[in-house]
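Take a look at the structures listed below.
Two complexes follow with subunit A in common, the first pairing it with subunit B and the second with subunit C.
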Partner chain A sequence: MTNVSAMAPAVEKIDAPATQSARLGLWLTLPAQLLVLFIALFPILMQVYISLTDWSPLDGIPWWKAHELWIGLLNYADLMADNRFWGALWRTMFVMAICVPVQFLLGLGLAVLFVDDFRGKRVLYSTLLVPMMVVPAVAGYMFFMLFQSGGPVNDLLSFFTSDPVRIAWLSDPDLALIAVMIADIWQWTPLMFLILLAGMISVPQDQQMAAILLGASWWRRFFTIVLPRMKSIIIIALAIRVIEIFKIFDTLFIMTGGGPGVATETISVYIYKVTQQELIWSYVAAIALAILIVLSVVSVFAIKRMQRGQKP
Partner chain B sequence: MQRSIPFEIFRYAVILGIVAVSLVPTLWMISMAFKPIAEWSAAGADLTWWPRNPTLDNFRFIFGQSSTDLIVALERTAGRPIFASLLTATCGTLIAMTAGTSAAYGLSRFGQGGNLPLALIQLRLFPPMAVMIPVMIMWSFLGLIDNWFGLSLIYGIVTLPFAFWLMKTFFDDMPREIEDAALVEGCTRWRVFVRITLPMMRPALASSALFVFILNWSDYLIALLLTTRDWATIPVYMASLSSSMTGQLYGAKAALGVIAAVPPIIMGIAIQKHLVRGLTFGALKE
Partner chain C sequence: MSEIALENLGKTFGDFTALAEMNLTIANGEFMALLGPSGCGKSTTMNMIAGMLRPSSGAIRFNGRDVVDVPMAKRGVGFVFQNYAIFTHMSVRENLAYGLRAQGTPAAEINKRVQAFAELLQLDTMLDRRAAGLSVNILQRLAIGRSAILEPSIFLLDEPLSNVDAAFRAVMRSELKSLQGEFDQTMVYVTHDQLEAMTMADRIAVMDHGKLLQVGTPLDIYNAPADTFVAKFIGAPGMNILNGRFVENAGVVAVEVPGLGTLDVPPTLQAAAKDKKAPNIQIGFRPEQVNASQSGLTMHVGFVERIGARTIVHLEHSGSTAKAVLPSDATPPLAGSDWTFSASDEAIRLFDPTSGQALKGRAH
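This part shows the complex of A and B:
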């Protein structure tokens, strides 16, 4: 059963004494409100403040005195000219542009194969979900081992060629990025499959039956009935992967550490390195704030649009 | 749909092929975990797909027992990181589930906290890396760095959106007749929630809690930034498992990887019915 309207607040009040209910409701939502406030308000104010200074934890002055190192918008100006940042952003987008479509098409193809019953369906379904449940850091380590020059990937390739293959996957700039993308596709195709299959199953049968009676081919039914009915689910599945790949860190960082050089450095890895290795926290605050602002605007716009689209 | 025999053959061939590809990395790690040192240390010499002499040495090694072939001793054993992972993931789950369930009920039944759904989706949207500077400053100010409570608290906040949305969809689905009947009997709203609604929601609570636990258990980035030594979790500890004498301790890391990977796989399969609901924030239920 689909319920795409779940995002719209489904509010129905039970009569009871109305004020008593309202008060209890407030108390019940209070802890969550406080946690959200705690993680949203203070950090963002602090981020704004620090990003306007040249503060770093090595300066020996506490963060609340960071205004002694006021530099105005210089950090933001630096950001505009920071090639490493734009490179990382571009790389993240590139990984997204390759991985999301591949995961989508693989997931959709698998969903088509799973939509009707066959022997062994349940076991095969559960088995296919295993990769997405592997701890991402552990998955990173798995692929780190697989892509060693003496590892199984090269061993398999050697099977098809006459000489033994000794490709150093993770120390070649181009191949390292490919290896990282393979790991992401391996781990997250199951998620696409899971969501798309659930969406496909929920497409009502009546129209399809009618189309079968009218003699429409399978392809025609798929493209004119099934896919259009899955539109909002497809958008959700794609959105989830776009969001997650934008954050990509664990697997990639364990596999390559962002290297060789900056060959696999994505936004999160770049921020991590500036935070932990170069310790220029005020600059990191500026980067992070810029990202937060752009994402907020985009997300509010997207969510509002989706909510509007769902109401008939 | 199509029921021809060639199609069935095609279906099984494709599915089995993909299942094989999706299992190989995990199986390779399991195989590594049971290999004796001679089979994993000789880099590139002679690759064995399956351990020739299966052994538990790698597991013994990470728990501090000196191995016969491996001269290095571990500075820290795996016991403590496993405990840290268990404790922080559990406490984080408790925080997220408590705040999430009550807020979801408050919104679903009393219409309070209408800002939460959007705020929590946005919280889920942001890269954790983008709020970590202020969190690191705040946490060190509050003395929460490398501290089980500090890590649990941030886990509870990061997974709150999932707990909230999952429980909200479960509450929205739940028929109200029973609650209404209890109200007519003269129960207070609070008593109805604690005595009737929550016990009825036990399966939903269990699935949501497992879902949230998996997310907390899977974290690497946050623990990497907020722990240094005492409360390093499994992934952080695992990354530190290399020594100058042996280089990468493949077998030991694989053994630790198996320990880290198995619980979420079992839990995930147990709650697979609700995975879609959790992952899509209730936009799609089964």
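This part shows the complex of A and C:
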């Protein structure tokens, strides 16, 4: 849109066709834009609609006629009083509160080790990233086997005790959640490591050199130069993991199926059970929307922080 | 206050020799410029003095003490990076205070010194601004201040003026020089800009291809270049060097440049010229010292460049080129004509064509 001959006096004349062609461009892209908007918004609007009804596929009426079963905000009222929902939400938050910091600290520690060159770095680096590549369902099976009462984890622990250890990891309500969290940490620390390493490498070398020449110790440099300069990328890494943990499902479902009882039932597992086993679709829509709102708030907060970090 | 001595200093990267057998002593409080084109080893030398690189051979002594094994944080060296390496996520104040904080200086003392330095460098009005938005000129002063506040006895500057515009560069040249007077440190200044080196340095070390070619005061280097590289590198434009051979006439040696004519060898160089057995020689003279003359060398005038204060005449003849710089009030020769010129006795330098070394004259 720039015009080389746009010297000061001619600005208005030149601006007119520019606006015109911009308007034409808008008209030309309008169908595509509407399509994208529709694709993005339609499922959400449908959810909102269904969540206000008592519709289920078993009722025998198509979804667009769900208004015949209009119940207003009753689903949301039920949700407020649903202990199983709050339990699942609390459990998800608990997993997040443990797993995200552990993954962050492990990832950061590994990044510190890998930012400098050493022998065998490449091989070790690739090895470390393997868990991330494993299909979560397969990871679920691996940990299902590892945590059997006669499994390798207990065998390993038996080395340190006189009696053979026979802990029933996956059928103990407290330990099952721990086992699930260990699996998540195993699988997703590499992602954290990968993102943080990329961030750490991009911290300018000369700034670190300057800090050394000014007499700063390693710790001082790490906390005053490296970490502040990685702020944006740390927020991105944390946001990704927070959102992902909200969606934690496959590994967990294969390991425990949400059990024993509801001991490892997170939001996603709960939603799955309500949808597939109890078929209360309108209620699920209400849950999904509630979660969407929570996640959106988290994301907006993270993005705001990120933008502030990038501003000079 | 520190004296820096580089002894047989060398640095290789694999097969590549970045620096070989560098011997240089920089006196207490001296302003030394390391001057040379890109890849000449000047930055490598500087980084070894700072401790960022470990020498492959040789020693670096501060006041006689070998510091090769002293980590860079402990060398007490101030360093200004080419791009300043300002901590842009901090305020100006935090940048200035960084080194003092790292040393555990009490907060009251830090405040006092930051304030004093900010005033000295005219940064006091922007102490609480974030460094990210500042102009290059201010970043530069901040970079100097951030290092200088620790009062290092050695100050290293890596092409600090290469990012600033020409006008500010002129200001900074005098400002840097006066700052050195203020702090009185030993300064090592890396640059590829001979004007910076000539105007600021007490002495200049000219380097090329990892070798130290000549060390001397700016005028020494300008007047008595050690070899053809220095002769051509220093001066704008550099010295004219023409291939010729000795001819002797009645016991007086002259240099004949084939096809162009003959220039007399000045009396101070006669003895050296006679000692030289091989007839081939290179004769050099500065473009500023060329005068129109009845006899001497004759060359075609290629084109005439008028740049205000002076006029540069580009000369060419049978593969040889030369330049003449004339004062703007002189009438320059016409482009396309032939022009005969000579250079005065004081202007003539002779160089060995194989080694490039200057022939030493002697006063008589």
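Just so we're on the same page, the second predicted complex is superposed on the first by the 257 of 312 C-alpha atoms of A that agree within 3 Å, B and C clash if a C-alpha of one lies under 4 Å from a C-alpha of the other, contacts with A are read in each partner's own complex, and residues count from 1 in each chain.
In the analysis below, a contact is a pair of C-beta atoms (placed from the backbone, for glycine too) under 8 Å apart; a residue touches a chain by one contact, two chains touch by 3 or more.
Just so it is clear, the structure is predicted and the values come from calculations on it, not from any experiment.
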| item | value |
| --- | --- |
| Touching partner for A:L69 - first (subunit B), second (subunit C), both, neither | neither |
| First, second, both or neither for A:T224, with subunit B first and subunit C second | second |
| Subunit B versus subunit C as contact partner of A:V203, first or second or both or neither | neither |
| Partner chain in contact with A:I167 - subunit B first, subunit C second, else both or neither | neither |
| Touching partner for A:Q47 - first (subunit B), second (subunit C), both, neither | first |
| Touching partner for A:V134 - first (subunit B), second (subunit C), both, neither | first |
| Contacts of A:I234 with subunit B and subunit C, given as first, second, both or neither | neither |
| Contacts of A:T29 with subunit B and subunit C, given as first, second, both or neither | first |
| Subunit A residues touched - subunit C or subunit B, whichever exceeds | B |
| Touching both subunit B and subunit C, residues of subunit A | none |
| Parts of subunit B lying in touch with subunit A, wherever the complex brings them together | 1-2, 8, 11-12, 14-16, 18-19, 21-26, 28-29, 32, 43-45, 47, 49, 95, 98-100, 102-103, 105-114, 116-138, 141, 156-157, 160, 164, 168-169, 172, 176, 179-180, 183, 188-190, 193, 214, 217-218, 220-221, 224-225, 234-235, 238-239, 250, 253-254, 257, 260-261, 264-265, 267-269, 272, 275-276, 279-286 |
| Residue ranges of subunit A in contact with subunit C within the complex | 204, 206-207, 209-217, 220, 224-225, 228-229, 312 |
| Subunit B partner contacts - residues on subunit A that touch it in the complex | 1-4, 6-7, 9-11, 13-14, 16, 20-22, 24-29, 31-33, 35-36, 38-40, 42-44, 46-47, 50, 63, 106, 109-110, 113-116, 118, 124-139, 141-143, 145-146, 148-152, 155, 166, 186, 189-191, 194-195, 198-199, 201-202, 218, 232-233, 236-237, 240, 243, 246-247, 249-250, 253-254, 267-268, 271-272, 275-276, 281, 284-285, 287-289, 291-292, 295-296, 299-300, 303 |
| For the subunit C and subunit A complex, residues of the former touching the latter | 50, 52, 72-74, 77-79, 81, 83, 85, 87-90, 98-99, 101-103, 130, 132-133, 146-147, 150 |
